[in-house]
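Order as written gives the chain letters A, B and C; numbering starts at 1 within each chain.
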Amino acid sequence: MFQAKARADVLKEVMNVVSTLVDEAKFSMTADGLTIKAVDPAHIAMVDLTLGKEAFEEFRADEGEIGLDIDKLSQFLKLARSDEIVDIKHDEDKKRLNIVIGDITRRMSLIDTTGMSDPKVPNLNLPASVTLKVDDLVQGIKASETVSDHIALSASSEGFEMNCEGDLDQVQWKKAKKDLESLESPSSVRSLFPLEYFSNMLRAVSAGVSVTMHLGNDYPVKVEFKIAGGKGEVRYLLAPRIESGD
Amino acid sequence: MFQAKARADVLKEVMNVVSTLVDEAKFSMTADGLTIKAVDPAHIAMVDLTLGKEAFEEFRADEGEIGLDIDKLSQFLKLARSDEIVDIKHDEDKKRLNIVIGDITRRMSLIDTTGMSDPKVPNLNLPASVTLKVDDLVQGIKASETVSDHIALSASSEGFEMNCEGDLDQVQWKKAKKDLESLESPSSVRSLFPLEYFSNMLRAVSAGVSVTMHLGNDYPVKVEFKIAGGKGEVRYLLAPRIESGD
Amino acid sequence: MFQAKARADVLKEVMNVVSTLVDEAKFSMTADGLTIKAVDPAHIAMVDLTLGKEAFEEFRADEGEIGLDIDKLSQFLKLARSDEIVDIKHDEDKKRLNIVIGDITRRMSLIDTTGMSDPKVPNLNLPASVTLKVDDLVQGIKASETVSDHIALSASSEGFEMNCEGDLDQVQWKKAKKDLESLESPSSVRSLFPLEYFSNMLRAVSAGVSVTMHLGNDYPVKVEFKIAGGKGEVRYLLAPRIESGD
């Protein structure tokens, strides 16, 4: 059993986060809330999203899981105003999700979850962490996009920087420790990432939200931030690219 | 003889309504105003628009007709502010329409109306009628567009609903009698329509306008609404699709 | 040596003006400011832009020149707010331009200027001149764009007009002397121009700016206007098309 009511903007935030990596996803429910874990088709990135039942206006669920087409659901949610209440009910007999926005009911066939992986979030030892507003990061990403396909993230005890090196041009984005919300970096670390993935992840974060990135040396980056006004949280993991030393 | 002055927004409203069905149209004038009747190339829908001379700032016409390229005229009207006065004059000798917006004069060649049909609006016996704001209908249409190519309109003494059934998903939009501006439906009626046509028609109606739909069982729908602040009116007719019974 | 600071909107205005004709351009510096002269690849139009050092917040330069990719620079400037200060420094050793917006540094490779022409602005005897707001001209250009590929500019002692004649339709835009900021036209003059070039030039001018056009008979048009709040100026030259007399 799963039935819930939620503000449209909370559900849109969830869809934004998940749709950057996958078109379909498995939603796992317990009495306490909702979890979505997914790996992108190229196995380069992972999302782990938790939305507590207190993020909903109403939430009742037994333990269970359903497979959903993220695109269809996002499309339908566009019809709702941000503060409109969306009513969701799982019809177990007909294997559908019934979603009501105002006078409109959409009955969506569920996707078979049998083939869907159940990714395990690896336990990584990432020595450095840096916290800042997502908007600052997005500026740096935009500046980098025409220059190269990769972006290097580096942290030291002094500050945090992003570097993008193309054949002709370079972009450097840099913040000193005092201009960051927090910075812990016992040693200097640096890893290189595919820019498109990193860009899509950060652009899925709502404006004004603080983002914490955990970094190592040639290690994945873990990007953490809150959703639903703090009643939910997201962890993205992105695999590094190996730098061709020369 | 035909010469007239009108606010640009009145003319834009007329162009919006007509351009959903045809690229060229015959405008028929009398001393009392203007009529446009047209059938779309696939003979699925018809428009019958009347604009009284009181919708114009100035209007003088003998009985006559001219053929116009709707796209060109719409394009030119985009240059005018909503409240700007557009000056129109038929140059019979040169077979042109001269249109003045501010400092700009456009002289448009007329289209030969010989080949243009003169559609007769059929007299239909449609037992049910329902009136509501167009904005409500457009919400339901938007929700349906990704689901199927057809939409069913149904009325009963209880209320009015639109249903769209795809292979996987369904959309239902429903209003009870009390939430409609008016409803008359002595029996239950239902007809199926091509969604794209129905969508284009309703999207051509200005926001906030009340629309009356006349419905029967597997019969065309007649959509009626006012334009030019009540000084003109439009009737759209749309042919039904036969439901494949099973 | 070249280093300067400028408001982003001043630099964006410069990029708009130059990018209508070329993708790459040579910037010539002296102690007094900056000059850009360029001819479009088809040799139909020329731009001659001067930006005095007082248009900058800071400006220090020896005589010299650098070649720049206009598109890349425009793209990067989009990241800056209008009133944000952009910091520019020529790194002579590495043959790069280093541009700083906020926390972001972009290092752009310079383009070799060896092959770039050094267009000489011809000394033309253009008897007529007319001054008016660019916004008025742009309205007339928009009205013409669907009608023909050419536009005729004519001036007489009475007024100024633009005419566009297509196979079917005509557009005439006309202003009497009293509705122009200024008009000097000892005799009647008329020249025909490629509409796309003329349109691109005028659309690159900021809204509300006064433009002076110098005209002759089947002669180029010289379009002059100020940028950077009067601290810089632009001259565009556009070659005429010969009218096929009949």
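In this text, a contact is a pair of C-beta atoms (placed from the backbone, for glycine too) under 8 Å apart; a residue touches a chain by one contact, two chains touch by 3 or more.
Keep in mind the model is a prediction, meaning the values are calculated, not measured.
Residues touching across the subunit B and subunit C pair largely diverge in numbering: under half of the numbers involved belong to both copies. When the CA atoms of subunit A are superposed on those of subunit C, the rotation angle is 120 degrees to the nearest 5. Once the centre of each chain is set as its mean CA position, subunit B and subunit C turn out to be 45 Å apart. Residue positions of subunit B touching 2 or more other chains: there are none. Residues of subunit A that touch subunit C in their complex: 136, 139-140, 142-143, 146-147, 168-175, 179. Partner subunit A is touched in their complex by these residues of subunit C: 72, 75-76, 79, 101-109.
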